[in-house]
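The letters A, B, C, D and E name the chains in turn, as written, and every chain counts its residues from 1.
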Amino acid sequence: MTTHSSDSTGKQLHRSVINSAAYCDGVRVADVPIADLEDAWKNSDRLLWVGLCEPSESILMHLQHAFGLHDLVVEDAHRAHQRPKVEVYDDSMFVVIRTARLSDGGEHRIEFGETHVFLGPRYIITVRHGSLKSHAGVRARCEATPKLLAKGEGFVLHAVMDFIVDQYFPVIDALEAELDELEVHIFSGKFVRSVTERIYHLRRDLLAIKQAVTPLIEVSSQLTRTNSNLISADARPYFQDVHDHVIRIADLIDGLQQLSHTALESNLALISVAQNDDMKRLAAWAAILAVPTMIAGLYGMNFEFMPEIRWAWGYPASLLVMLSACLILYKSFRKTGWL
Amino acid sequence: MTTHSSDSTGKQLHRSVINSAAYCDGVRVADVPIADLEDAWKNSDRLLWVGLCEPSESILMHLQHAFGLHDLVVEDAHRAHQRPKVEVYDDSMFVVIRTARLSDGGEHRIEFGETHVFLGPRYIITVRHGSLKSHAGVRARCEATPKLLAKGEGFVLHAVMDFIVDQYFPVIDALEAELDELEVHIFSGKFVRSVTERIYHLRRDLLAIKQAVTPLIEVSSQLTRTNSNLISADARPYFQDVHDHVIRIADLIDGLQQLSHTALESNLALISVAQNDDMKRLAAWAAILAVPTMIAGLYGMNFEFMPEIRWAWGYPASLLVMLSACLILYKSFRKTGWL
Amino acid sequence: MTTHSSDSTGKQLHRSVINSAAYCDGVRVADVPIADLEDAWKNSDRLLWVGLCEPSESILMHLQHAFGLHDLVVEDAHRAHQRPKVEVYDDSMFVVIRTARLSDGGEHRIEFGETHVFLGPRYIITVRHGSLKSHAGVRARCEATPKLLAKGEGFVLHAVMDFIVDQYFPVIDALEAELDELEVHIFSGKFVRSVTERIYHLRRDLLAIKQAVTPLIEVSSQLTRTNSNLISADARPYFQDVHDHVIRIADLIDGLQQLSHTALESNLALISVAQNDDMKRLAAWAAILAVPTMIAGLYGMNFEFMPEIRWAWGYPASLLVMLSACLILYKSFRKTGWL
Amino acid sequence: MTTHSSDSTGKQLHRSVINSAAYCDGVRVADVPIADLEDAWKNSDRLLWVGLCEPSESILMHLQHAFGLHDLVVEDAHRAHQRPKVEVYDDSMFVVIRTARLSDGGEHRIEFGETHVFLGPRYIITVRHGSLKSHAGVRARCEATPKLLAKGEGFVLHAVMDFIVDQYFPVIDALEAELDELEVHIFSGKFVRSVTERIYHLRRDLLAIKQAVTPLIEVSSQLTRTNSNLISADARPYFQDVHDHVIRIADLIDGLQQLSHTALESNLALISVAQNDDMKRLAAWAAILAVPTMIAGLYGMNFEFMPEIRWAWGYPASLLVMLSACLILYKSFRKTGWL
Amino acid sequence: MTTHSSDSTGKQLHRSVINSAAYCDGVRVADVPIADLEDAWKNSDRLLWVGLCEPSESILMHLQHAFGLHDLVVEDAHRAHQRPKVEVYDDSMFVVIRTARLSDGGEHRIEFGETHVFLGPRYIITVRHGSLKSHAGVRARCEATPKLLAKGEGFVLHAVMDFIVDQYFPVIDALEAELDELEVHIFSGKFVRSVTERIYHLRRDLLAIKQAVTPLIEVSSQLTRTNSNLISADARPYFQDVHDHVIRIADLIDGLQQLSHTALESNLALISVAQNDDMKRLAAWAAILAVPTMIAGLYGMNFEFMPEIRWAWGYPASLLVMLSACLILYKSFRKTGWL
């Protein structure tokens, strides 16, 4: 790649480049244009940190050339929808992590994104796909602790992962709150279609998060055990810490999955209980109405010889009988709990 | 940290310090103020046991400085909601255990807490979060067996874990009793909404306990296998014993989980059986009422030529027919079990 | 412990001691009082076999002193409700097995018990908790094959385990028979509350047995692999045999668990089918009754101009119409299978 | 055992001996009476293949003596109901496999059997329990490929296993066909009790087959990896092939289990849908009948001042109103899908 | 095999041979007739790639002779319905992969096929069974990147696998779309039989795909780890990439399986809710009709002394009462949500 081609692509590149800076002893010392990265990397001992967002193929090929990245990895970085993983090469590393955050709107919609990290001696490239916001702020946080940043690229990777993993907690809190709310609805005795639908969507969200988080257990564990010299020995407890958080998140999701399933089954049972209650109420009222109807039918018969018919008090008496029958039925239904 | 700063924080510290004592040959020989811990640790061979409760950051930083604890661990100890785990460093160990106890009220509410233990040569720091009561008494129990206490910090860790693990048994007994009670309700044939709700809450409690206990299996097993010299070889059978108890608790929880699920399904099946029975009863009574209504309808017809109408015994005969029909229906319904 | 103290406890001890004998070349040569066990063990090369039943703490402490047993193990042996396990010490072994047998009454109630075995060079102590009968007969069986008994304490342990494991088979046969009986009830079309209740209790029993048997898989496997010299190489195929039996039992339980779950679900489905059938029958009869009621209602109207009313054959014709309508409905309901 | 006793048992033995022959270079060269097996084995280098069917204890003891078989193994071979397994001894091997075949009758009944194989240098003993037919033909097939038979006892074992495993496929095909047939019934909308019962029995059969096949995975894998010199290196791909078949069978069973469970759940859902449809139909017809009944009731009232009563067209008008009401209801019910 | 026999089979062979070519440095240099393959393989260093489709036994035996393939493998290649697997021999490899693609018709029908690959030094034989189209295009794609093709037979294997695995994604997308569509139906409140049937078929398809994909995880992982020199070290990241895709597909299937199960359960719950709603509506209308019927019945009674009967406004008043009762009922049912 000649200087010329660098220049010509330079313009195009800037759009998806969020940040590209050199750090010395944990302190940002200079912004480095994409075109100058190869020079800066080969001719100085500063740490380079490039942040990209949904980069074009040309930018990735430029970086591949600059840092000598593997073909397959660059291909992967261009496509989103990767499974979280870590790939260790001789002197570089490629990490894929999935991000999750609540959307800004009021409803609990979860936005997923992906962060790909290329790590090598004295350089780290972070590539974001999907939701931008899901890791805004990580660079600022790193720069706020130059002591850790000075420890090199492994610590930057930790900071990125820690940041992303921590963002799962509010998402899970929101899902937990949703389940709590659903519980109230389920046990309130009102069975509306929306409760089942909300449980379904809760379970769908939990599944999506679980699929994002589960591979992270292996990824973080691998980073704890790796003998790549990109991750120094004193960085391991930090990755272990991330690993603990990931396992805790997986535990929480697992618990919510099981609980939401029990909620679904309880919902079904309670719908049946409610149906039974309603049917009994219906039956009781039907009986209460059927009895006077039957008695009235009796006195609607046209027999010539029906002594009661001719009695002066026949009519009010029959009304009284009907009323009494209704009252007795009503009271006994109340007693057996049908009403 | 100078003597001055120690003094200044001294006042603040005392609030969350429950106990801080030095032991010699298993016997408590002196109370050691927090400020003097570093001195006491470095200049004597006594065992120091510090008990804290929801400590402030400043206290933890003081102890970190005194005993040289790892940054991450101190950060963890400050935050509750850790997953039970054991972290082994070169010459120290950090253990997180979750505690559970029944609340004092009549209802079976479970209070969860957390205990963090820092273990190093000749010192042990226990930090409680949440429910205080859940490990009151452990120090007294330890001091009652100076022979074991004299064996050092590993045995104190065992005593703390054994104490906490033993507290799970009454909680599980209570949940078992709750399930037994629910069984009676389920098979009594009365389907009230509360049974399903109670099964749900039972399953929720079981899930919460399971998540507290499951990681303890790995923690206790790790302590049995660890080659840290904080846990001497003769302490291992003791941790194996704790491990056995934890597995037994996990087994019990597992059994209750499966049984409560079967209970939920049985509940659903019995609700359907009850619904069916009620529907049949309703149908039977509807039929018994419909027959005389129909007959009465017949004789309510205004045809001019209806011989029965003019018979003297027409009316009582029709009543007799209705009554007989009702009785025959009633008896046959009794026979087929619909009534 | 002096001779005196042995004597003083001697009386108390005898109550829970079932048997205490010395064997030479597989043949019982002498009964050994508890107080003389230590002597007999240290000063002869006979095999000592002590059988206890729910022993008091004093007896256990006596034996601990005699054979040098571990503190924890003795503590365990005193408490029942241990999980099946094997603990291998330098020159001794502690095995916990759970026993199960059908109660003598007609109903299929399962009695669980526990057997603890202390094994060491030239001695074996078996401690029974719970159901006594569940391993009565094992000593007699062993003494019947002196050739195997002569091979030492490892073979006695095998005999005890084999005996206990074999007792699970009739229990499982009984549960299998219960499920077969339930199947007949489920598919007979009669849905009584008791079927669901019996499935529930079957599943509860299966769960209890599974929890007793599952740890035995690991226990028997460990005894096959152990390199303790208490289990000689030629004893291993025998423990492998026990292991095979345990796995077979676990398989059978697993099958019954799955099948009983399918039975529960089938039961639920068939209850719904029955409900549907009943509802259709109810609907059909309601229709058959409603049609003549409606026709009768028509001719009960008081219009002045109703030609049919005045016809001589109006009344019998109307009855014929009603009857025909009922018959047509009845036949068509029969055809569609509603009746 | 003297020559005399061999002779005396000789008669008895022949009943359960199906075949006993010597092979040289894969070709059957002689039939060998049971009594002469020991001689033939020790004094020639021919391969001996003995086929037994539910042998008596005496025959097994005879063979045990002849080939030096292990006590436990002979005991096992006498009892059926073993779990499939392979036991490797110093210079012999004991393999238990369960066989399955469809019964000859039209219904899909599965007959299970057991084949035990003793394998040693230059001899193989196959013992059948249960269904005889389930491995008739294996010897003929082996004799048809003398090239493979000449490779020795390991290849005979392979042939027996391959034969038995291949017989599972038609059984599974039959169960698959049964499920296909059930699917048609389930989705046809007719809910008869027998569908649920057939799903139940299908699941029961699948469970039984699974329990026969699952241990075979481990057995065949173990034979692939074993370093016994009874299985030569060039025989391993053949056992690997059996292993692949077993895994495929297990996969198929697993798929059928999951699918039949979904079928059971779909069945339940569709029963509910059908119930709902029937209830709506019932409700619609009830409404259609109730409206004219109510109108007729109105004109059955005995009020003196009812103008319509005296109108000449009152009666036909009222009939028209009733008919119109019924038609309107009918049409609107058709529209909403209730009818 | 003599030249003559080669010639004679030559004609027959061509039918199932799709392609047979020699490559030099990744470029196709010649078509090689099947009969000349042995010569071409032994006497040149070109890479031979033979593509067959459901070959006859004779063709396979010809190739077996030419390249020295294993008996068992050739037998396998002739039969379809193999489980995906990889078998590594000394200097050759046999890989079975299952293919899946959507049928061309509008409905989502999945066509499964099988591809068998024989791999050896400088030759690769691909054998297709079932759906031809499912890997049409792979050779063209390979020939388009001669750089990779030049790297040898390992890379061709990768290209074939990559191609086949990539074809799973559109299939899964289609199933995901089907579930999305079903969700809409489920939560729309219309319960038609077809929804349950479609969920069932979706689950059946998912199961079939899962059984095709799951073994591929092990196959691709094995190819990553294998130390056969057919797969060079620089080919491993490529197989790792295939492995990642397979795991991602398995994840997606797993998610769809769980979600479709929740959909089935939600469907069941909503059917019950709908049934309940319909029953309440029915009950409400029944009540609304029953009240005027009962009142009309009252005034149909033939008592001589009923003052209302003689009132001029009796009839309209009674109608008003009925109407009011109906309206009040209607309103209160609206309020409680029954209507």
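The criterion applied here is as follows: contacts are C-beta pairs under 8 Å (C-beta built on N, C-alpha and C of every residue); 3 or more make two chains touch, one makes a residue touch a chain.
Just so we're clear, the structure is a prediction, and the values are computed from it rather than from any experiment.
Rounded to the nearest 5, the angle that brings the Cα atoms of chain B onto chain D is 145°.
Centre-to-centre, using mean CA coordinates, chain C is 26 Å away from chain D.
A separation of 43 Å divides the Cα centre of chain B from that of chain E. Multi-chain contact residues of chain D (touching two or more other chains) are listed as 265, 268, 272, 275, 279, 286, 290, 293, 297, 300-302, 306. Taken as a graph of touching chains, this assembly forms a single closed ring in which every chain touches exactly two others.
Partner chain D is touched in their complex by these residues of chain C: 183, 186-187, 189, 237-238, 240-241, 244, 247-248, 251, 254-255, 258-259, 262-263, 265-266, 268-270, 272-273, 275-276, 279-280, 283, 286-287, 290-291, 293-294, 297-298, 300-306.
Partner chain C is touched in their complex by these residues of chain D: 70, 72, 76, 81-83, 85, 87, 89, 191-193, 196-197, 199-200, 203-204, 207-208, 211, 261, 264-265, 267-268, 271-272, 274-275, 278-279, 281-282, 285-286, 289-290, 292-293, 296-297, 299-302, 306, 308-315, 318-319.
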